[in-house]
């Protein structure tokens, strides 16, 4: 495995290669813009969310984070991939309906500048936080700055990347919903990381790690309830209002086949399954079960993002699979390299 | 009892606060009581003469009574946040505030519960709100958010009361040990004969955890449901999905400000400086800052979205709020809720008690105005220009509003002298 | 008549408790009275979790079902359409069920607590035995058999 341990330059080269691969596929083979947009919608939330979860724990001194801080923070180079991939979206902006009638807020130059600027700012803030936190320096201000940028960036992901796709459909909660999902996704990633690193951590620290595992289970449980609340808060109001401009997009989604089933599936996987499973104490103490629930949650998040873009943007399934496997492999390599590198220094 | 046992310092310190009331207390209680009695008289006047004595009129049918209801339910929220949510997250600083915050929850809900009744007009028909088998063979309309409110607020009241009481049980037994005569016996009966046996403690420990777990989602849902009174309609400015979390954050924001307003003088007057440390107050100030940021974020999103879509009525509503008849109130609200609290980023100010006290007062002014702006502006300017009209509260409405503060503060003053204001048991544990 | 030992700190109390258990004193002859809860004492003396969770669970389930059914059956009892919504409107009825989950769950936990902890305790109320601010270990030296 040592051959896969890359240094900083190696990681950044790998990021460039990934971008190039995706770029070539996007403009050479696919011709359908949906896969890239969906990949961005999913991975931006996960990547930014992981660092944000560390930032929150840094601010409230959450004890369980001690077990996984290094692993979660090591993912920060992924934040740089987001602006790179977002640049590839530039030639495809015509899939947004407002490009035909640009206005003060929705026009191509401003859309690109504000999103790119925020994504880059999030990367630099995340890098700063990761460096300080891993060096065990006080990271309070860095965490606050990162969180503010994270909230702004995820709100724009919700409002710009997705919501303007179905203009004039509006849900004002969507920004808060997206950044909560980022934290939820990060809790699920922590559950998966526990599966990978439990034995090693247990050998290092002993008993606290089992408590930390239970805490991650509890955290996912809490987030499942919170997610249920935020989803219901939007669903209820749209259902009650029943206004054409608000339910039109949703009717488009649920009136044809894959959308109808998927729209049922994501509330089940993001709320009901984790809620019911994690209610039982033994589940929270078993790392395989926690990781299983975490996998279900991440799958649910992906399905939800798929539902959002399904009625409006055409996409190629194979390309979508390729992008996401590529990014998943990239995340694993980054994780492995950083963790291995730091443990050698230790 | 045996007199040669040393009494723990914590017990004497906390119980000292329950000494015979002095002039300051009596003056405060008299003043607050007077305001409340005045409000009762005004309510009687309103019942006698009808709703015409209030300023509410077509098209603004919901005025300051509803704003007060939303405001007081909001004040209640920080109590549950501090006692239940912080308990679950094992935050140590909660012990400095949880008892007074829980008491505040109970009193604020009592005050809040009065306002729908005052607004009802024919208050003697209030029981129509509950589903019960009756000769008219009618049931309540469960599709109406106003019925959810009845369920939400009464659930919230009962759960908070149980939570408050359960937290008090061991402390009541402590008070009973210190008091002789009939008072001591009364406290002992109220503690249900708590003896501190392991059997009692182990079930108690689980119970407290379960109640905290039940109260935590409740705190998020009660003000969500209050917000849906507005948001399930299609009135511009009300029908927006962010309302639920935005109201919850606003509720915790105003409640936390009220905790600061009450605890900072209480700490000084009752000499509890060494039990309620500045570090703990700073933690509360951080919650205030966080919720202020959420409220500020909601303002930005709400206003931005009004102009993002293609809904003319939304745009006009938000233009009216910022530049119309009530613009002064709007800008005071923005300043107090979203701008001034940003000063809490400065650590020196987070630890400055005078600043925090003044800020707490201003935030409550801002949050009350927010409720007013939300309730009144949307009704004053809805779809049809022929259906527009401004509203200003009448003297009766203002008097009842002021009197509600009287009731709240009078109840809090009684609490300070009859129950331990800090959880003695938890302070020992700390 | 049991022997009473008094301690000022939890550490001293737990040390003595462990010593007694190590000396072979059976659990049933040891009684503890504490100013606040000690999980270690619970683990040493009782060692099984409280059954209160069943009360919470059953109350919560009954509350959810009861709340939803209350809304559903009363709506079906006089089926009148309001606001263009179906007679059995699931989203708002779920809300009633949810609120009742919390209400009945909390109340049944409280009642379960009173039952399991044997409160209100007439014995304490009558005998005037105060809630001690120290840690008390009562050891019954005579064999109860």
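In order of appearance the chains are A, B and C, and numbering begins at 1 in each one.
Going forward, a residue touches a chain if its C-beta (ideal position, glycine included) is under 8 Å from a C-beta of that chain, and two chains touch if they have at least 3 such contacts.
Everything quoted here is computed from the prediction, not taken from an experiment.
More contacting C-beta pairs link the chains of B-C than the other of the two pairs A-C and B-C.
Taking each chain's centre as the mean of its C-alpha atoms, the one that lies farthest from the centre of chain A is C.
Note: centroid distance chain A to chain B, computed from Cα atoms, is 36 Å. Mean C-alpha position of chain A lies 40 Å from that of chain C. Our note on geometry: chain B versus chain C, Cα centroid distance of 28 Å, whole angstroms. Residue positions of chain C touching 2 or more other chains: 83, 85, 92, 95.
Of all residues in chain B, those touching 2 or more other chains are 217, 221, listed in ascending order. Residues of chain A in contact with at least two other chains: 236, 240.
Across the interface of their complex, chain B is touched by residues 31-39, 41-42, 45-46, 49-50, 52-53, 56, 60, 67, 70-71, 74-75, 77-78, 82-83, 85, 89, 92-93, 95-96, 98-100, 102-103, 105-107, 109-110, 112-114, 116-125, 129-134 of chain C.
Looking at the complex, you find that chain B touches chain C at residues 1, 5, 7-8, 11, 131, 137-145, 148, 151-152, 155, 158-159, 162-163, 166, 170, 173-174, 176-177, 188-189, 191-207, 210-211, 214-215, 217-218, 221, 225, 425-426, 428-429. Interface residues of chain B facing chain A in the complex, by the touch rule stated above, are 89, 91, 217, 220-221, 224, 228, 231-232, 234, 239-245, 293, 297, 301-302, 305, 307-311. Per the touch definition, chain A reaches chain C in the complex via residues 232, 235-236, 239-240, 242. Interface of chain A with chain B (complex): residues 60, 105-106, 148, 151, 155, 159, 167-168, 170-176, 225-226, 229-230, 233-234, 236-238, 240-241, 243, 245.
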